[in-house]
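Next come two complexes, and both contain chain A; in the first it sits with chain B, in the second with chain C.
Our next item is the complex of A and B:
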């Protein structure tokens, strides 16, 4: 008997869900569109009578109206509204909101089931990568020759800015979105996240945040990079206003999601799931969520202040009126540095779990790994000004910033120790997820070592603002974080989709990505050493060969990701059916069917050890199931 | 856990340690093979650093640029063995303990959850490396800030999308940056509009040009030659084209260059050679 069927067939009253029954992605878009139009109308006519407010006001109001309209249209406010007028949701309403008996349609709704949200996040992240990746191809094509006229300098600036920001948005949610929502609650032995509605809210806020930043490309764009340094950004075209609305919306989403992850981990653990038994992935997600709560509001502050500077004439960042660009830069990097660890840590944590499973060994140095996450999180709060070494701000503090930045190498080094310690004398099972762990090691070392050059103030005076920095952070973010996330994807894909990922195509994609990645960023390091600045649409002929290498590499890299995407879609549709535990792994998600049923566990699991009991003679630890009916099928699990 | 289980565990751990020392012929020991890999990887890393600094980077025209080169090589010498060790162990583990990609998981490895000796060595080594790197950086930085040479001040103005250099006291204003060798150049940098990044690349220094106030940076040119001045901070539409030519010349050449750009001979000499 399939447990999925049990809940799926539940008969709900004909009115269960109320307004939700009629709301979906499409009604969200329609309502958003109407709100946008009304917003435009109001702003436009107000502005006509007020010489102080210009097109910036119109764009801001229009974009904000879209976000609110979209969220209302998809039903994000229904429950709150009903609660306010005294008609709370009943149980049937909640089940309806969780997607019961709606089949595939629930994926297009404001659905509160954490597994639906996780899957939605995965598709969203992949779509964002597709958009960001396409923009990257435009950038690299422009740079294929020294004075290319494929796109105008204005378009070029807009494209690099939007490429950067979309990629940062996508990488921030690439692990915490799909996996901290889908897998983490199951790993804890929970039935859902602590706040299912906030979970759906966080997802759809990201969806709402995307159109403004894309629209910005068509209303003048953003010309100051994803960092939007003031005062340039104060004078940028109206695209900057749409950009700010995107960020503000996105920050709310990340904050809500972070609170949800933390609360879930602290309060929803099954009996016996002590903090010391948490899979390392949970720890990583926890630290990253906490760090996000600290970091992201600073981004909201920076962009809101920038917006008011532009729209209503405040002057936080306008030097002519007593403002300071340095103020913007500080607030930005107070967000910006912790944010890179928000991106990185969950990916590393997932890679550690994959390393343990595919080495058939307990994670080496569990405690020190947790310590490293916290250490890194703490240090991340104290290093932001290493992005400002060459600004002239606080030169007397160069030494302390250098100290904190270089200290980061210690927890970063621990990541390597933990992974190679886990590999050491393991039984290395070379399935696809493990491939990515190796690539992670290779890339992330290069990213880390180049970071040390940058942390040295005298050396940074050569490398700052130069393609070397671009290569460094792609090695860390893409080569480290995103490759870790890809390991996670290949690892949990069978659990999420119920299908095995095609490893032949997957391994082909792996080799293409692994090789062309090196080619691309080797080219960029070369450019950097030669002295090519970042973010330029044309360059001296002297830089040509290095750029050509980078562009060729980038095409290959893009192809590699397309192959992987093909493997994913192909396997999702026609893949071999996945058993519940294809990797013979031990954490709780592998004890229930693939994909898991609604509410995951029929009987709450009881946990007796951590999931790293490889070689310790407990074949199916940690969960001692009270009765065989506890969890979905376990066939294929025992060995 | 049964005591029998504990025994198995202890045995497995003993075997693990064995794996490292292993009493076979010397060249077959893991430690030896890993050492070879480490040496190879390290040599490659150091070679790459030397190659990049020597062949790819612009020439050294100042002591600051020299210190950039030295830092890259020195840090690589420190970091390469660590990177090499990670690569070597990763590569070796898959060669030695790889179990293929079958449907069934291979048998479990030894339950080696931690090893405080390894961890302490690792943490100790990384702490030492951090201290070395930090002291290196602090030393270089403080020597940059206290030049021994007599200073020459040059005012640098950034504006969208052009650099202007003023040579105070001579009345000369140019889009070309000319500096005398053997003197400490003190750049006083500002901007007329948005933030720019003043980057005379072969001088190995960089500082932002901010509207509304001034920033300072010093360079000590120690060889004559040409270099590029670039803008390193995205500053709008034509940021890519915000380049200027720079050159380091002898003080006498500097003086005559100033004269050819409209300075009086006395003011040029006083500025370029003065203060003796």
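Our next item is the complex of A and C:
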């Protein structure tokens, strides 16, 4: 411990860090605010006589100025500037940037330590879920009766759009943010990410991206859903401009983060950590990061073209001037379909590792699982137009799109087989993380099977645009991806916080979430079959009871997450101190203290086997059933 | 997972303990940054491909005959009272003229020249040339790139159309905007290289930053040129 203690308490020179010494979250907000004001002033005085697009221009410039100002104020550009003038950061500067001797303050700074960034991401993601979840409660409350007047139809549109996009942003980073930053480098045996400064950059870019999308709610909002289909979105109120700035900023963040994850995995593995020995979570993060690199440029193209259509009058999407709505839809879904796997895959991969650890068995079909990730990634590039079956675009291609989409169920089916094969005759230790794996299996089978209904072109003519789609993607994204992410949270929480997560409260939260999730979303399939459209603020009385049930379910679901949040905060503050390896797991992060010291490993680790060597002389969990070996010899007699 | 601790000579091969990234071996650092750059370029290739897709898609569809604004149609953004104008009072009732290739290609050539100087500097440095020898080359490279950037901004002033005149005009100006962004990035890198060179930071065989910057500059020059051909010969 001594070297580490030394490192973290290093006395730095009085000038170490340079400008960083004076920069933090607050200076970021201040600088951002000033930049915002200046941007507003300039935009207002240069374009105010142009009544057509004046306000769009003003909003766009103001929001962009906020992002740049905030990033400058927190210190994101310091190193670039110093590189340019040939005044590189020295050793002390980098130690300062890594948070040495700043205590809790480093959590509010442009800190390059991957564990600080991971923790910041976790808090950020939970805050985003809190906002998105609150908007969901508003939606469900509006829908509690057929003709409710809680909010106006315009506000309703804005609320569902912003709810959708905030949730998409949060879910894209819910695993890659906290866990691919905190845990992944340790699993590789590395001291940090490959590019610590880019790591901090990716985090703070998301922070900078949040205010514009929230502000957009108050300047007319967005009325075309999270997909912001053109040409309707070309005519939306100025909220759409702020929304686009959020997306563009977020695109940069995800791109930078993805590059960092891939480079770290490819170049920073410890001695002996071959690709074949990577925990499956690393493979999942790798594939998701790669898919993100492909998807994000399309997000940038879609939203920036939309922005120029709105702000300077180009006509990419406005048909009267030579634009095409189909162009938007194509570019959007070239992004959108890969993006749902960016969300899903890391959560599934984490669930696989949890399944292996708690059934005390090697992951079943490790290589097949890796292959399925890559297969799903490749297929993801070839299915985007299944979102456009009803638009009349390229009807001759409908059959090929249907076929590729149906093929998706093969890799997703493999995910199931891998997890179930891992559990099969394992000596299962049912702790909290494992609960979520079961829930994942339950929800994701429903989400996946209903996807096949949607891939069927004739069936989709009916289901498209109705509640069936809403139910499908909540079962996959929330029920699959986010529940997988929750398994990851409960699994790695002790490593991150150094405290055990309170299992009694955690299990209570689990049951509330598991049950009310079904209450909320299952009925939406029925609503879809009966033809209730999605994205509407009022509906036929026929659907009243189904919606009432869904609303009650949603309140319960919200409550469940609040209970989990309570468990997290409570345990973080007063939880039992966590040992270094509470689950007796095998991957590298469990070989070091909880929480790990600044550079993770006191000595460079050398890896001699894969992370799934259960039952080979290492400590075992209390086994309720015979070990796998025994089971194998008493075929069928385990119970 | 079995792990052996290496309790040998090097007690603490710290990332930060030895100065973080900054003190990685040059090779390790080079390898990481190389990957970074190629992935960045890969993402940018997707973006460029989408711009090309949008161009040919809109050209082929020619919605309402408005690829190059042959028809007079109400301005979608402006509301009906401003129909058939370009938003600043001029009627759209003609075929939109195409942009002069002179400007488009001058910018591309400057970008190529700039990248060329950087490449030349890299070759020299790899052959052991001192910072004194390579810095002027880097200076010329930076000048050329800055020239391309300024010219690209200037081209907005001399276009025979505005953004509201149909899909050709829109896509053309969008590409110009994308060029401005890319050239600005390369300018930052090129100017930085020049300043660093003049401070002697490329001496003693430290050529790899020139190499990395050159890679990016070459890619940007290539994409600018590719798009220049597209907008000039396929409009």
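The definition used in the following text is that the second predicted complex is superposed on the first by the 606 of 639 C-alpha atoms of A that agree within 3 Å, B and C clash if a C-alpha of one lies under 4 Å from a C-alpha of the other, contacts with A are read in each partner's own complex, and residues count from 1 in each chain.
Here, contacts are C-beta pairs under 8 Å (C-beta built on N, C-alpha and C of every residue); 3 or more make two chains touch, one makes a residue touch a chain.
Every value quoted in this text rests on a predicted model; they were computed, and no experiment measured them.
Looking at the shared chain after the overlay, A:359 reaches chain B, while chain C stays out of its contact range.
Of the two partner chains placed by superposition, only chain C is touched by A:194; chain B is not.
In the superposed model, A:11 lies in contact with neither chain B nor chain C. Of the two partner chains placed by the overlay, only chain C lies in contact with A:83; chain B stays clear of it.
Within the superposed three-chain model, A:613 lies in touch with chain B and with chain C [touch as defined at top].
In the superposition on chain A, contact is made by A:231 with both chain B and chain C. Judged by the touch definition given at the top, the superposed model places A:320 against both chain B and chain C. By the document's definition of touching, of the two partners only chain B reaches A:442; chain C does not. Contacts of chain A with chain B, set against its contacts with chain C after fitting on chain A, overlap at residues 231, 235, 319-320, 324, 612-613.
Residues of chain A that touch chain C in their complex: 3, 7, 50, 52-53, 80, 83-86, 88-91, 94-95, 98, 100, 112, 190-192, 194-196, 231, 234-235, 255, 258-259, 262-263, 266-267, 271, 277, 293-294, 296-298, 300-301, 304-305, 308-310, 312-316, 318-324, 327, 330-331, 334, 586-588, 591, 598-599, 602-613. If you check the complex, the residues on chain C that touch chain A are 1-7, 10-23, 28, 31-32, 35-36, 39-40, 42-44, 46-47, 50-51, 53-54, 57-58, 61-67, 69, 73-78, 82, 87-88, 162-164, 166-171, 173-174, 177, 188, 191-192, 195-196, 198-199, 201.
Against chain B, the residues of chain A that register as touching in their complex are 153-154, 157, 223-225, 229, 231-232, 235, 319-320, 324-326, 359-368, 390-392, 398-399, 402-403, 406-407, 409-410, 413-414, 416-417, 420-421, 423-431, 438, 441-442, 445-446, 449, 452-453, 455-462, 464-466, 503, 525-526, 529-531, 533-540, 583-584, 612-617, 639. Against chain A, in their complex, chain B makes its touches with residues 1, 5, 8-9, 12, 16, 19, 52-53, 56-58, 64-65, 67-68, 71-72, 75-76, 79-80, 82-83, 86-87, 89-90, 93-94, 97-102, 104-115, 118-119, 122-123, 126-127, 129-130, 133-134, 136-138, 140-141, 144, 189, 193-195, 197, 199, 201, 204-208, 210-213, 215-217, 228, 230-241, 243.
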